[in-house]
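Dropping the structures in below, format is structure tokens.
Across the two complexes that follow, chain A remains constant while its partner is chain B and subsequently chain C.
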Partner chain A sequence: MLFPLESTLKADAKTVAASGEYDIVIVGSGISGAIIAKQAAEAGKRVLMLEAGTGANITLAGYDDLLTTFYSAVSKDNQSPFPLNANAAMPRSPQLRKLQAGETDSSTYIVQSGPYVSDTTYTRIFGGTTMHWEAKTPRMLRSDFKTRSIFGQGLDWPLSFEEIEEDYRLAEQEIGVSANVEDQQYLGQTFPGDYVFPMRGLPLSYLDQQVNKGIEGTSVELCGKTYPLKVRPYPQGRNSIPNPAYDGGKGYRPIGAVDTHQVEEGGRCQGNTNCVPLCPVQARYHSGKTLAKAFAVNAKAGERLVELLSQAVASKVNIDPDNGKVRSLEVKVYKDPASPAHEAITVRGKVFVFAAGAIETARLMLASGLRSTSGLVGRNLMDHAYLLNWALMPQICGTMRGTSSTGGIVDLRDGPFRERQAAFAIDIHNDGWGWATGAPTSDLLELVDDRNLHGADLRRGVVDRVSRQLLLAFMLEVMPDESNRITVDPQYTDALGNMRPILSFTVPEYTMKGAAYGRRFARTVFARLGAQDHTHYDPGDFGYVAYEGQGYAIRGGNHLAGTHIMGTTRTNSVVDKNQRSWDHENLYLVGGGSMPTIGTANVTLTLAAMCFRSSRDILKYLH
Partner chain B sequence: MYSYSIRTLDELKEFLHRAMQLEHATIPPYLTALYSIKPGVNQDATQVLRVIVVEEMLHLTIAANILNAIGGTPDLTRPDFAASYPASLPDGETDFKVSIQAFSREALATFLKIERPAQRPKHLAGKGLIQRKTPANTTALGSHPRHEDLHFYSIGEFYSAIAEGIEYLEAEAYRQGTTIFTGDRSRQITPEYYYSGGGTLFPVTDWKSALEAIALIIEQGEGDGGDIYDNDEHELAHYYRFEELVKGRYYQKGDQPGHPTGPQLQVDWEGAYPIKPNLKVAEIPEGSELREAATAFNARYGEFLQLLTRAYNGQPSLLLEAVPIMFEFRNTILELIRNPLPNHPGMNGSPTYEIPGSTKQAAPTRQSEVIA
Partner chain C sequence: MSSRFEAFLGISVELTAFSRFDLLGTGLAERYLATLDKVVGGEITDTLLAAFVALPPAEGEARIQAVRTTILGNELLGDVARALIKLWYSGTWFELPCAWTERFGPRPADTTFIVSPDAYVEGLLWKAIGAHPAGAKAPGFGSWAFPPKIPALPELVSKA
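Take a look at the complex of A and B:
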């Protein structure tokens, strides 16, 4: 997919500041901002998109530079491809440490105020967190939208599944989801009529199949209900084989790599296992693919409807005291990531859309003194809690082949047990123990340093160790809690003088109960597979949480949500069901932050669907 | 109509077999040049070569679709299918040689000739095919199926002959109340099997789709009648992509042929492994690992052509199995290219693409020995 060349010319800060009023000013070039920009441009609206990162990865050469950085990085964490940029800093998990009681650690970008230290990350770069996401795209379940009514837990959405279903289909089209309807019809999920996903489902990996062989036909009992066990494929935001039956037989044209000249690259998923942090062939969706379509409107319209201003960090929101509308946005535009030198400009628009992710959007609001009538800005912070369980399979399972995760055990995403404990979805990780132990590098170091292996013995040793690794990652539901929150404090600022986010979080008991059950569940599965459990949680781990006499290392899921939840009134929520601010009629706070609950679905598909809804509302508002 | 006009269905089938041979013959040189590039350099060249080689695979498949549409039987295992390198291609009144060689200025000069748009000059208009002798051991690509010594002026002219043949034969059939498009539709390779940003794969079922298919092959290669972009997708033609590398600058919308005005690109002409051009297995010492690898590659390539043949003969889903084999080829080609060639200081190995069972292969060396 081609980015028209002119779109990559950085919009000039002075021109932007002088160019009067845009129809829509969008903060953030992730999937939320990209969808709204595209929908608005196609409707002929003038859009300015502000991106805090350098925007260098808009070209394929820039994208490939990120890959080179990743390949040469010692730590292969989620943020390893993305160069340090103090002007648009982002959380980097390897820097974390455990907190003492009452301690605050301000040595990392997110100030960790505890008691739980979260290694959650988001990516402040062109494309946002879709530049590092794993691209699993399950829909939320019907019950996930009303957990308060059904289970007495969390909050009900102001939207039902039925109201969002059509937008789910739009999001699946935009992302280009690969899945088979028949694989996704579990737990009462239904799809209308002759619906098919844009592309056919990716096959289960050999590892998935081996796990399935060991558990299919068995079941577990929980709260008096029986749950059959089976490995099911995940829907994926990555290119597979387009389904000719899509869109009433019109088929689907996948989108490959984007670039400023025609490389036509970006094949189908090739099973490279480094999907996270970066797909080497752009088979995985990132929001640049949607933005390329938005920029393509410029060429068709013969004028620049969409402009991108990179290296532009939104710093303060100015409100008109007479009517509560957003009057303008103060933006710091830096010249060089290595220097804090910047110029401050003021940007005006009819509508403002903050799409900077749950933490940065809340940070911007709070830094501008906008806590909202409900006082809920920054509160109800959610992220899936991950509990990792790892074991060695009795037989070679071909671990390290295939997409990061192709299948999982997902039948405990719903059930009456949710009155008492968190639901979970389990990912089977085709990249082995990497997340838990740093494999395969850690295995290699051990075989060389501790066992002095070399040559053929070393090769065999690595194969024997790595290709039997099984990692079950339990993605646990986390319900909204007002005390889990993002705040700001003038004593903690970044290189540009913007206030940094402060994170206060306690893993809810509801979630820990699910985690404790999950640990037992993993042992049961390992026993049925004849796999040797190697799981251990170090009390010195930054994410160590004690619960009922046992300790668990809880990991962040990077599924950030809840900091500006949607609801039915200005007193119980920050935004309405179209993600429009109750207090400021021309302001939309979009993305995961609007979600009142997250169930056991990775958040991107749902927040993408919500942005199609918001786009319609914004266009209506502008007319 | 010129003297080389296609007048029978069998003749058309032979021409389409030749078309498949021609499209396939571009793949080994492009692929070898692509994989000869050293890691970390020539990023732009790598991308340009990659797009083009993938589109040549599309062209091969489209040619198979046309052949299937008229009831033919694609056969990539026929002894006359795989080219022997250097192979000859028509370039106006003379031929030029297409070699297996490393990415270099010389390689690019050849690639430009392969894709060059060529119009007959006035003094040759309507004069029929050009006669010249093809040596017995040389594959004459783009020649007349029945007369290897009769050459088209250009590849474009070769395809025009096919297009005219299709129109002529279909008009004939129409007058008799039939059609030449009698092929089994289930043998067509459909879009889900091809995916690149450039071009689409579509089933060929009638003369309209057949002519569209031929237009796509021509336009992706040499552009649309002097326009650097093709007709439908505004995609830059192969010729101009190669020219971008030679000129060190990208084309952009509105540019005139030969004058790209887009951003500059870097080409490191030394950034490729020094492989021995047109290497033959016989030149690699017996018993060496390199010889073993080269022989194994050729055998595997032969199996690959058998697999494609089955895929083009009613089992399209076999193309999915071809994908991992292309990864296997990449790995083996890199091994061959990155290792020194024994007894040739400063030179590296290379895949030889001597496919077992091909008639033009292997013989030359022995033959020349006999003569000597």
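Take a look at the complex of A and C:
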């Protein structure tokens, strides 16, 4: 798909500041901002989008530079394609270390105030975290919207599944979800009459199939209920084979790579096994695809309705004391990522949308002194807790091939046990132990340096060691807790003088109970598969958590939520069910931060669906 | 081809169990020899190559044992040879162990680095397991659903 050439012209900061009032000013070019920009532009509204990153990756050449950076990076962590930029810094997990009791570590962008150290990340670059997401797109379950009423845990949403269902379909269309309805009808999930996903499901990997062979037909008992085991395919935001039955038989046209010039790649996933951190061909959705549609409206309208100002970091929100509305936004526009030199401009709009992710949006509010009537800005921080379990299968499984994850064990996403412990969804990682151990590089080092293999023995050794790897990643439910939070403090600032986020987090007991069960569950699965368990959790690990006499290394899931939670009143929440701020009627805080709970669904599909809802509310407000 | 480059290819075949064809096919052989020269210096590289050329023309276990005793188990050459194996398999030069540096002196270029973006892509490890480097050389839609095609070990002419 084409970006109109003019969309890549850098908007000029002075022109932006002088151009009077925009209908909508959006902070952040991730999926939330992109959807709202597109919906608004199609309704003829004038939109300014601010992006903290350089915006260089809007062209294919700039995107490919990220890939080259990834190839050249010694540590291939999930932010490795994205160059360092002190003016729009982002968390990077290899920099973390364990904290001593009471200690705060301010050496990384997110100040880790503990006691748990989170390696959660988000990407401050054009396209936001959709530039590095894994693109699994499960819907939340009906029960996930009412966990307080059903299980006495967490909070109820002010929205029901039924109210969001149609927007799920819009989000699935926008992202281009590949899945088969028949594979997604577990745990009571239903789809209306003739609904099909835009594209057919991606096939399960050979590794998934080997695991399934070992467990299908078996079950586990938990709290008096039996759960059958099976490897089920995940719905995915990456291009597969279009389903001709989609949209009442109209079919679906996959959107591949976007650029200012004609480009034909990414129309279908090629199996690069690199969804995270970067799909080399853009077969995986990123929000640039939605923005390309938004920019295309400019050409049709014959005027520039959507403008993108990159290298523009929102710094302070100014409120009109008379009516509580947002009057303007102070923005620092830097010239060069290598220098903190910047000019400060003020932008004005009728409506402001903060779509900078759950941590940056809360940070901007708090740095502006806006805690909200409820005092809940920054609180209730959630992120899925991951517990990794890894083993060697008895047979060669062809690990290291496929998309990052094609299937998993998802039947324990729901059940009465949620009254006492967290639910989980398990991903099978097609890239083997990579996440847990740094495989396959760590295996190579061990085989050469410690096991003294060379020649044919080494070749046989790597096959034996790598091609049998199985990693089960347990994505555990985390419930909202007001003491898990983001704060700011003027003593911790970034290169531009903006306050950095401070993260305080304790993994809730509810989650740890789920983790402890998850570890036992993994051992049961490994036993059924005849797989050798290699899992070990190092007490020196930055994410090490002790629970009931055992230790577990808990990883962040990059599914950030809760920091401007949605609710029914201005005293129990920050935003209403349309993601509009209770306190500031022309301000929308959108994205994962609005979610009162996250269940066991990766958050992007749900927050995308909510942004369609918010778009309608914003347009209504502007009329 | 110079005899020095021939010897470099020869030791690379010996250590990696990939054929000359595979190694030349990466397009990186000259650069890897240049990497050795740059990091540990021409003199040590020449010593390593000479040790390889002087190997007895044995085959099988005897040959493996000779490589172990005269190269991999050599106090000067062993760590360098292991770094060369890792370089071919991953495209990354891994910094030599501290013990080596303490004994033979630090080398300014001896840090952990990727020789070039294509060096990562051409890492032999991926080929050995019938996969592809993450993020490159994609095998095609749906290929992951089938068993891997793990290449058989080539008939290596170790005497060459």
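Everything that follows uses one rule, which is that the second predicted complex is superposed on the first by the 622 of 623 C-alpha atoms of A that agree within 3 Å, B and C clash if a C-alpha of one lies under 4 Å from a C-alpha of the other, contacts with A are read in each partner's own complex, and residues count from 1 in each chain.
As a working rule, contacts are C-beta pairs under 8 Å (C-beta built on N, C-alpha and C of every residue); 3 or more make two chains touch, one makes a residue touch a chain.
What you see is a predicted model; the values in this text were computed from it and never measured.
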| item | value |
| --- | --- |
| Three-chain arrangement built on chain A, chain B and chain C clash or fit | fit |
| Partner chain in contact with A:G256 - chain B first, chain C second, else both or neither | first |
| Chain A-centred angle between chain C and chain B, computed on Cα centres after superposition, in steps of 10 ° | 60 |
| First (chain B), second (chain C), both or neither touched by A:P242 | first |
| First (chain B), second (chain C), both or neither touched by A:R268 | both |
| Touching partner for A:L622 - first (chain B), second (chain C), both, neither | neither |
| First, second, both or neither for A:A86, with chain B first and chain C second | neither |
| Partner chain(s) touched by A:A344 [first = chain B, second = chain C, both, neither] | neither |
| Partner chain(s) touched by A:S467 [first = chain B, second = chain C, both, neither] | second |
| Which partner, chain B or chain C, touches more chain A residues | C |
| CA minimum distance (chain B, chain C), superposed complexes, angstrom | 5 |
| Footprint overlap on chain A, where chain B in one structure and chain C in the other make contact | 68, 241, 268, 270 |
| Chain B to chain A touching residues, read off their complex | 40, 43-44, 47-48, 50-51, 54-55, 190-193, 195-198, 200, 235-236, 241, 250-252, 262-263, 327 |
| Chain A residues within the chain B interface of the complex | 1-2, 5, 60-61, 64, 68, 200, 239, 241-244, 251, 253-257, 260-268, 270 |
| Residues on chain C engaged by chain A in the complex (per definition of touch) | 14-18, 64, 67-68, 72, 81-82, 85-86, 89-90, 92, 94, 112-114, 116-118, 120-121, 125-126, 128-132, 134-136, 138-148, 150, 153, 156 |
| Chain A to chain C touching residues, read off their complex | 67-68, 70-74, 76, 202-206, 209, 240-241, 268-274, 278, 280-281, 396, 398-403, 406, 430-431, 440-441, 444-445, 448-449, 452, 454-460, 462-463, 466-467 |
